[in-house]
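Same chain, two partners: chain A is paired with chain B first, then with chain C.
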Partner chain A sequence: MLGFLKQIGDYAKDSFQAAKYIGQGLSVTFEHMGRRPVTVQYPYEKLIPSERFRGRIHFEFDKCIACEVCVRVCPINLPVVDWDFDKATKKKTLKHYSIDFGVCIFCGNCVEYCPTNCLSMTEEYELAAYDRHELNYDNVALGRLPYKVTQDAMVTPLRELAYLPKGVMDPHDLPANTRRAGKLPQEILEETATPGDP
Partner chain B sequence: MVLNFDSAHSGGGLLASGEALANPISQPTVTHDLSENVILTTVDDLYNWCRLSSLFPLLYGTACCFIEFAALIGSRFDFDRFGLLPRASPRQADLLITAGTVTMKMAPALVRLYEQMPDPKYVIAMGACTITGGMFSSDSPSAVRGVDKLIPVDVYIPGCPPRPEAIVDAIVKLRKKIATESMQDRAYTMQTHRFYERAHGFKPVPPILTGQYLQTGGHSKPPRELMEALGVPLIETLETAPGEEIV
Partner chain C sequence: MNPGIDLQGSFIEILTDLGLPQGAAQALWLPFPMVLILIGATVSIFVTVWLERKISAAAQQRIGPEYVGPLGTLQAAADGIKLLFKEDITPAKADPILFTLGPAIVVIPVFLSYLIVPFGQHMVITDIGIGIFLWIALSSIAPIGLLMAGYSSNNKYSLLGGLRAAAQSISYEIPMALAVLAIVLMSNSLSTIDIVNQQSGYGILGWNIWRQPAGFLIFWIAALAECERLPFDLPEAEEELVAGYQTEYTGMKFGLFYVGSYVNLVLSALIVSILYLGGWEFPVSVTWIASLLRVSEDTAWLQVITAAIGIMMTLFKAYALVFTAILLRWTVPRVRIDQLLDFGWKFLLPVSLVNLLLTAALKLTFPVAFGG
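Up next is the complex of A and B:
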C-alpha cells in the first residue's frame, strides 16, 4: 500500500518539476519576445565609426610638397606621386597624386608620416565598385569628403558597443546625451595633470 | 509584285507622301519595341526580383576577411534580411564572396568551386587580397594577384578587411546590378569556356624525404675526431677494423 502511495507521490513530483522547467524555459523565450532586435538595419541605420577608424584616405592637393614620404613608408609603395622640378623656384610642383584602394590595406602609415598633414583618414568605408579600376582614386577623388553618418537625414546613426553606457548592449532608443562607459580621454588628462603644468 | 523596301520608305514611287505601307517586308519594329519594353521587361523585373532577393552565398573563406564575413551571419549585421542564406555546398549557392587571400595552390579549387555553382552566379571580390593581391601584390611568390584573373567578378569591396557594413553595401550594389539584367541578354552572358586550362607538365618523382638519410652511419654515431678530442672512449662499433686507415 505504501509503495503504491510512494509511486503516486513520485509521479506528482515529477510532473510538477517538468512543468516548472518547461515554464522556466518558456519564460526565457517570452522575455526575449519583449526585447527589441539588436540588428543594425544597415542601409537605414548605420553605426558611427569610432574616432580612430581608418577608412578611405583624404588628400589635400595644395598642402602636398611631393616629398614622397608616403611612398617610402607604405608597405607596398602604393601612392603614385607625379611631380616636376621647377628650376626657377627650385621646388617640386605636384602634378598628380593617386592611391589605388584596391591594393591599399588602410594601415595608416602614410597618414602618420606625412610631414604636412595633407593625408588624413576619413570615415568612409562604402567603396564597393563594379570595376576594379574605379578603385584607383586620383587627387580629385581623394579630395572629396564623405557624408557624415550623423548628418545624413536618411540614416539613423547608432553608437558602437564601446560608446554605450555600462551594461547597455542595445544602441537603439538611447537618449542623445547619455555618457559612454568609463572616463573620457580629456578627463583622464585633467586628473593626471599636475597643478604647475600649463 | 514585291515592293522594294527602300523605295517604299523613301516616299518615291508607288506610295504617296505620308502614306504608310500596310504590310511592309522589314521587321515589324513597333511590335518588337512593344514586346521588349512593355511585356518582357515586367517578366524581367519579376524574374530579377526573385533572383536578387534570394542570393545564396557560398561559405567560402580563406583568411581574415572571413571573420568579418562571419559577423554578417550573426544577429547584429543579420544578412538574412537580404535573403542571403549561407550554403556549404557550391551546388546550392549562386553567390561567391571570396573572403581571404587566394594562393596559387587554392586557385584551382576556387575555379572548381565557381564552376560547380549553377548559373546564374555572381562573385564578390572581398578585400584587397582578392582584388589585386593587396599587401602581397609586391613580393609574394604565391598569392594570386586578384581573383578576377581566375573567375569573372561582379563587385569589388576594398578594405583590409572591409567592415561588415561594407559587405552589405556591396550586396546592395550587386542587387542593383542583377535588377538591371535582361533575359534577352542571357545568351551573351551564358558561360561557355572562360578559363585557360591545360594539363600540367609536372613529372612525378619518388619522394626524397624517406628518412633513410637519418639512418646513415654518420648520423647514428658521432664523428670520430670529436670523440677523440673530447677524450671519450670510442664506442666499439667505431673502433677501426684491423685493415682500415684512419682518415
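Up next is the complex of A and C:
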C-alpha cells in the first residue's frame, strides 16, 4: 500500500516537474520575443565584409610574369596560364589567364604565393550565374573591381558583429565614425613597433 | 440578470410592426448572424496566420512577413490567392470522390461549430440546449475526413498521417469531454450561454478557471491535440511524414485543410475562453461598475458599451490563448506517437476522471460555490 502511494507521489512530482520545465521553456521563448531581429534584409541591407574577406580573386594582367606559382600552390591546379616564350627578349609573355570560380574554393594560396602580387582578394561574393561556364573568369573579368557595399546608394551597409562598438549588438542606425571595440590592427602595429624598424 | 442587447428581438419587432408575419420576420433575420459569423471566422484565419507568422518570427528573432500589405497583414491573402490558382491534382490511383470529400468533411464541422459560440447574451447564432455537446459531436467528425483524405490519397505517408490523426482525435476526445462534463456539472446546463452566465457576477474571480484549474489545463492540452498543433502535430509531422494526410493535396483542397486547422484553433481558443475564462465577461463585473457609477443597467449606451466590450473580451481571451499556443509551438518538441497515446490514456484520462469526481463531490458539499 505504501509503495503504491509512493508511486503515485513520485508520478505527481514528475508531472509537476515536467509542467515546471515547460513553463521555463515558455518563459525563454517569450523572452526571445523581446529581442531585436537579427535579420539583414539582404538585397537592401548588406554586411560590410571584413578586411580579410576572401572573395572573388582580382588579377592584374600587366604585373603577371607567367611563373605559374599560382598553379602549383593551388590545391587543384585551377588557374589556367597561357603564355608564349618570346625568343627575342628571352621572356615569357602572358597571352591569357583564367580562373574558374565554380571550382575555386577561395583558399587564397595563389594570392599568398604570387611573387608579383598580381593576384588579390576582393569583397565580391555574389557570384550567382545561370550557367556554370559563366563562372569561368578570363583575365578581363578577373581585372574588374567589385562595387563596394559602402558606396552602393541602393544598399544600407551594416557592420558585422565584431566591428560594432563595445556593448552594441545592433548595427542599425549607428552614428558614423563610431569606433569598433578594441584596438585597430594599425594601432597595435604602432605600439609594438621598435624605433629602429624601417 | 442583465438582458443585454437583443438585436434579433428588435429586428423582428420592427418587421412585424411593418406588417410582416412573425415567421417571415424571423426567416429574414436568420442570414444576418450566419453571414456575419462566416465572415468573422474567415477573417480570423487571416488574423491567426498573420499572428502565427509574426510571433514565430519574433520568437526566432526574425522579422516575418513584411511586404504584402501593412506589416505583412495580407500575406495570408496572397498565399490563399496563390493556392486558388494552383492546379488541382488528384493522384492517378487515388479515390477521386473520397479525395475531394476529405477536406470538405474536415472544414464543414469546424465552421458549423461556430453556431454555439456566444459573443454576448444574445450574440450567438442559436442558443440550443445541447450547445457544448454539439461542439464535441461536431469535432469528432473531422477525424473521419482526415482518415478519408489519408486513405484515399494512395500514399503511405498520407495513410500513416490519417491513421495518426484518427488515433489522436479519438484518444483526446475523451479527456476533453470529461473536462467539459465537469463544467456542465457546475452550470447545470450544456448551453454555452448558461455556462458563461454561471461564471458572471464576480468578475474575474467567478471564472471557471479558479474552480477548474486542472480541467482548464486538460481541456487546453486536449484542444491542442484536437487541432493538431505542436507538440501534438504528429499527423502532419513534416519531418517524418512529409505532410501526413495533406501530402497529395494541392491547390484549394490543401488550402481547405489549412483553413480548417486555423479556424479550428481559433474555435478551440474561443471555446476555452467561454468554458473557463468567463466568455464575454469583463475581468471586473460590469454590474458592479454600473452600480458604482449609479447608472441603471438598462441604459441604452451602457448596454451598447457592454456588448462591444463583451465581443472584444471574448476575442481578446481567445487570441491570448492562440498566442500561448503559438508560443508553445516554438517551446516544446513534438511527442512520439506512443508518448502521445500514453499521455492521453494514462495521464489525461485518469486525471480528468478524478477531476470530474472531485467536482461532483465539491458540488455536493459546497453547492454555493460549485453551482448546486
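The criterion applied here is as follows: the second predicted complex is superposed on the first by the 157 of 198 C-alpha atoms of A that agree within 3 Å, B and C clash if a C-alpha of one lies under 4 Å from a C-alpha of the other, contacts with A are read in each partner's own complex, and residues count from 1 in each chain.
Going forward, a contact is a pair of C-beta atoms (placed from the backbone, for glycine too) under 8 Å apart; a residue touches a chain by one contact, two chains touch by 3 or more.
What you are looking at is a predicted structure, and each value in this text was computed from that prediction instead of being measured.
Touch test for A:Y125: chain B only (first), chain C only (second), both, or neither?
A:Y125 sits against chain B, while chain C stays out of touch.
Which touches a greater number of chain A residues, chain B or chain C?
With both complexes superposed on chain A, more residues of chain A are touched by B.
Go through the superposed model and pick first if A:T39 touches only chain B, second if only chain C, both, or neither.
Both: A:T39 reaches chain B and chain C.
Let me test your reading of the model: by the given contact rule, A:G102 touches which partner, first (chain B), second (chain C), both or neither?
In the superposition, A:G102 touches chain B alone.
Looking at the overlay, does A:F30 come into contact with chain B only (first), chain C only (second), both, or neither?
Second partner only.
Considering only the touch criterion stated at the top, classify A:I22 as touching first (chain B), second (chain C), both, or neither.
In the superposition, A:I22 touches chain C alone.
So which bits of chain A does chain B touch that chain C touches too?
Common interface on chain A, chain B vs chain C: 37-39, 41.
What residues on chain A touch chain C, complex-wise?
These residues of chain A touch chain C: 15, 22, 25-26, 28-30, 32-33, 35-39, 41.
For a test of understanding, state which residues of chain A touch chain B in their complex under the given definition.
Result: residues 37-43, 46-47, 75-77, 100-107, 125-132, 135 of chain A touch chain B.
Residues of chain B touching chain A in their complex?
Chain B reaches chain A through residues 75-78, 81, 125, 128, 131-135, 137-138, 146, 148, 153-160, 162-163, 165-166, 168-170, 172-173, 177.
For chain C, which residues count as touching chain A in their complex?
55, 57-63, 324, 327-328, 330-332, 347
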